[in-house]
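Next come two complexes, and both contain subunit A; in the first it sits with subunit B, in the second with subunit C.
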Partner chain A sequence: MRGPELLRGTAVIYRRELSGLFLQPVAWVLLALGLFLNGYAFPALLIATKGDADAAFLYAFRSGFGWISIVLPPLLTMRMISEEARSGMLEYLLTAPVKDGALVLGKVLAATTFMAVLWGGAFVLAAALAACGAAIDWPRLVLAWGGTVLASLVFCSAGLVASALAATPVVAAFLGMMLCAGIVLLPTFVDRLAFASRATRRALIERIDLAGQLEQTFLRGMFDSSTLVLLVSTSAVLLVLCTRRLEMQRWRS
Partner chain B sequence: MSASPREHGYSRRARASLFAQSLLLVVLAALVAALCVEVSRTEALRVRVDASRRRVNTLAEPTLERIRQLPSPARVDVFFRPEPGPQRELVAEVQRRALEFLRLAAARAEGKLELDVHDTSELEAVQARATELRVDDVANKVVVSLGERKAVLSFEEWAQFQPDPLDARRLAIATFKGEELLASTLARLSAMEQPRIAFSTGRGELARESGEPGGAGMLARALRDDGFELVDWDGTGPLPERTDIVALLAPTQPFEPDALAALRAHVERGGRLFAAASSVVVYTGKGSTSDLLTSYGLSVLEGPVCKETIDPVTGILADGDPRVAVLPVSGSQLDARHPITAPFVRHGRRVVFPGALALQRGQPPNGVALIELASSPRDSWRDTLIDPRTRARNFAYDGPDEPIGTFALLTAIEAHTRTEDPNARGRVVAVACTSALANATFETNRDLWLASFNWLARREHRVVVAGADPNVGRLDLARGPYLARVVQVGWFALPAACLLLALSIWFARRRP
Partner chain C sequence: MISVQELVRRYGAFTAVDGISFEVGRGEVVGFLGINGAGKTTTLRILTGYMPATSGTVRVAGFDLARQSLEARQRIGYLPEGVPLYRDLRLSEMLEFQGRLHGLDRARIARRVPEVLAEVGLGERARSLLGDFSKGMRQRAGLAVALLSEPEVLVLDEPTSGLDPLQRAEVRELVRKVGRERTVIFSSHILSEVEAVAERVIVLHRGRIAADGKPAELARTLGGASHVRCEAVVGADVEAALRLLRALPGALRVAHGGRLGIHHVFRIECAEDLREDVGALAAQRGWALRELSFQRPTLEQLFARIALELPQSAAGVEAPPASASANEEPTSGLVMLGASSAAPAARAAPAAPSAASAASASAAPAAPAEKPRVVYNLNPFDQGWKRDLGAPKAVEPPDSVPPS
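This part shows the complex of A and B:
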């Protein structure tokens, strides 16, 4: 019965991490900062799109790839493994009847939930516009939010990998930001590869460009199973890496 | 009992082996992920659902059909670059929309459309591709190639422009025409034969090549661009060879009986006819277009169809003004199932009939079907009475003397033929509105007439109508409270609520 056991373990860790996150004043300060920066840009986006609220939300979610996705997830996940390893808490967790996979999954889902709340600020802005009589494309907004949360899952996974690799939270945050920036900038690097033909580069970019894929599908209100698979499988690879890293901690201890 | 690794620890060799095992597992996971991504990209397994309210991610079925029917994959090379000058924002907006549309089309084309967006800062690569395409100037162009055939699309073709409502010195997009442009370009490139339209001349018709407001030069150009071959027919001898469609553009003088007989025989053989009766010089007697339409159970009624309008300045319901005869027609006034008008209903588009006469359905002969494609709004009236003193119409409803109700303005006719093919049908599109075809209103009605001629040419797959006005659904930021509300919520309310929570948690945690 590995499945239910994994789920139970994930739920336990998820609850623990979630309360750890939301019962910290600093988390709410971060949330306030993120919501303010998103909200600060939104009127400018509305003006730039000449009142096209749907397009403004698209840009709001997309612009999040510029800084929110690179900075915030590593800050959220930096303490999750490295600090626990330093304080000795990880040893207890590793000896607890919870699988490594459940441990990693619970932590990453908690961090992603935090990001989902942050991106959920868009619904409040949309509701404010709707209250003034704007016709909001709600299904499109929900799908755009869902896609962005899925992308956050990838960045939180990268942050968790960094936390598992680094010895201190500060190093984990730095490493995590590098990893997240790498994920965002990878298509640009590939486009500069001199040895591959243009067609090969294009084909490769189509398969690794998370932001581009997300923008063409979910952010425009289009559910695309291929984008879903890309986001989930990227996240899965990072979580497998993180799990193996935890196992290595076990051998060393 | 097996010993746990924790109890015994690991030798260096065992660790190296476990490390290699872990590494292998991660590499395997990456390979499985890559395989999943690749498999998920195959069309058979890929699921795409457009959840947007305005279906912004869905191409019209005729466009998709047009792409699917391409004999080989078409390639689209995009050479957009930032444009300096006062219109740079407009250019950027058109480029952005064009690119978004082309990406959508490529994603939906099931491999029939290859999109290549060139980085114009890479001069050598761009020049090499331009040489390969044999196009001299590719700056800000989109080149669509199908085998050896090519079409170069310039920036202006992607949209219709109008003065910016917020700043009259600038231009703004009135209608984005990406879908229409791509569909017609692909149709033109893939067309093996050009349907031939014979325009009747010498009977006071709209001048086919005239650029004057009352001419039909814009219609002729649009038809030519859409792959039709245009020829003249002087209405005396037989129809020109290989004539597919005969177009009568509001003739004001009667045809000879032989000419009318030739037109009837053309339809009976499965030929097609675009019959526009003149609404300026109304003649319904022998040899008129109206006389010709009577053969199909349709008659043209005198008196322009009118409907009161609301004065945009005073907001008062107005009649007694010629503007009441300019009828915008949309939504439920259009047939939602016919290939000509269905896309207009789907996209929420409207067409305009200025000074149109009503088409009355009579008793059609056996084997003839009449379909009313566009009709006037409810409570419109035919302005039949003429003031005896001024000898002019008063454009006001004069009570029971003037018929009131809904009147047909555009009708499609399908008639059985006398050919051996039992499925062959002659097709006629009938209208009685000179101004609706003229250059002055052509841009508004362009898609309607192109759709009509494509239906007549049995090219329903080419009936493509541009989407609705892009300004529909936009917020009026200058007048509405939208910006203020967004600032209140986004800058203050949301962050303040979070900070308040942070503060309360901090207080709660401080308590012993």
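This part shows the complex of A and C:
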């Protein structure tokens, strides 16, 4: 009973949030901006890699991972809980026969789908290159895209946590960006701290470095289950935090 | 249909709902009445599963809200205060979303959407954006959303809040209509609305149930006795007039409410209308009557008594128009409304106390000592023919204000 209920609720919320995202002008602006910047930067990357399309895509995903992941997910998720709490929609949703987990999952999957569409611009560029006669390693590109979307799931989850914590969307966006930046920069912080030997620190960094692991595995066309587990479990922890926050909101409201 | 036992909800040290218990049967329309902060919204939020209770149990349609929350919520249609709706959706899309949230299949959604739209009178606006709706239309749209899944219980939090009188009447009629088929619980602080719609009223005060029953019964049993109000010129011997009035058959209690100019105000508590008897007595004694009216207790009196925490006997007692001392030392009508009015208002419980009188009653003890005020006596009968009406008269404020 619980599984199907969770799935049904997730699907209903997902559908609503996704349509809500695509009904917002800001989402289209972000999408256009992301695609424009990708398209603008890609020829330069192609020149830098001396025409190696696969290497150019690796750089494109890696460089995009830095700023796009820090800025866009919090902008997408900022309204999802904080604005609904302000407008009273959260009360409506939390009294519907839907689990809190389904609510959170539906929202984060909708934001991640939006990010998947954004990252999907790479396929347009690849198709254009293929049409011009370039040899594209399609399975590698798909894996790189899939890994980046999974990483986006982590950042959208962080953005959603920020939205649940903040009272207004603007604060949620700022907090979300800080959280996302923290996730990206965590290995650097750990490296700077002199709490253990360098070898221990390196071992720890290897385990928590999302960007590094992604670059070494998915972006290079390798499916790696440990990276998959790291990304999914990090998202799960953040989503559980978000659900707990909603439960707290019930107690405090 | 709804069973609430020893429900408690605390916010830190503050207890918003303090051990209330009640049952609501199938098809009953119950109005939750209470001043702001009485615990109405908190109780309704617990009933809808939005908020957990600190202790106590709530069962909706046989399901324990704490353990079988989803099953219970499936059977509740809820219209929160403020009517939250997605402004970017069309009305039909909002209803479809509600249907999917409640697990309705497509065929049932397709059948129910036109039905509820017709029920709330928004059939023509199905394709309109909710963001373009007026407040009254939003309220009706919210009601349509709450009704879509054919819930066994409908919970409406302040359904007419912020509406104009015409829209209020429309929503009231709608609630009455849906109340014929399902259990409805709604909160309000508009007494006429509750009286008009609800078969049963639960009055909450400070998180507790202060009264529970049919509006008319409650007003009769708790709102105070019926009374005849009489304003008459009875001469100097007020005590004699009081004795005569008390001697009337059916008069339960007679109170002298002071003076209004040359007229004395009497309040004769009685079970039946005694106007004819009082009129006959007045005619016999030659009293000049200015007012003779019969007043039944109202829910408003009950509500006021509960809200102001007055004893039952005080429910219908009117604020005397003059201070008690006015009998011994008459002062002008203008003074009563100004400097010294706080004292009698605080001393005697008002019949239908307004916020202003309540405020003056509570504020009076803390007020600084007032300076003598210069007033003009407008009533020539108060001071007799020797009074120079053109000269101002200094009036001392009361020495102390007795507690209410």
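Odds and ends about this structure:
Rule of thumb we're sticking to: the second predicted complex is superposed on the first by the 253 of 253 C-alpha atoms of A that agree within 3 Å, B and C clash if a C-alpha of one lies under 4 Å from a C-alpha of the other, contacts with A are read in each partner's own complex, and residues count from 1 in each chain.
In this text, contacts are C-beta pairs under 8 Å (C-beta built on N, C-alpha and C of every residue); 3 or more make two chains touch, one makes a residue touch a chain.
The structure displayed is predicted, hence computed values, not measured ones.
In the superposition on chain A, A:143 makes contact with subunit B only, not with subunit C. For subunit A, the partner touching the most residues, choosing from subunit B and subunit C, is B.
By the document's definition of touching, both partners, subunit B and subunit C, reach A:251. When both complexes are overlaid on chain A, the residue A:86 reaches neither subunit B nor subunit C. Residue contacts after overlaying the shared chain place A:52 against subunit B, while subunit C stays out of touching range.
Legend: residue contacts after superposition of the two complexes on their common chain; A:96 is shown touching subunit C, with no touch to subunit B.
Within the superposed three-chain model, A:23 lies in touch with subunit B and with subunit C [touch as defined at top].
Within the superposed three-chain model, A:12 lies in touch with subunit C and out of touch with subunit B [touch as defined at top]. Residues 23-24, 95, 250-251, 253 of subunit A lie at the contact with subunit B in one complex and at the contact with subunit C in the other.
Here subunit C touches subunit A in the complex through residues 11, 45, 48-52, 70-71, 73-74, 76, 78, 80-86, 88, 97-98, 100-103, going by the rule given at the top.
Chain contact summary for the complex, subunit A toward subunit B: residues 23-29, 31-33, 35-36, 38-40, 42-43, 46-47, 50-54, 95, 121, 124-125, 128-129, 131-135, 137-140, 142-143, 198, 202, 207, 216-217, 220-226, 228-230, 233-234, 236-237, 240-241, 244, 247-248, 250-251, 253. Across the complex, subunit A is touched by residues 5-6, 10, 15, 18-19, 22-23, 25-26, 29-30, 32-34, 36-38, 40-41, 45-54, 56-57, 103-104, 107, 116, 125, 471, 473-477, 480-483, 485-491, 493-496, 498-499, 501-503, 505-506, 509 of subunit B.
Looking at the complex, you find that subunit A touches subunit C at residues 5, 8-9, 12, 15-16, 20, 23-24, 87-89, 91-99, 250-253.
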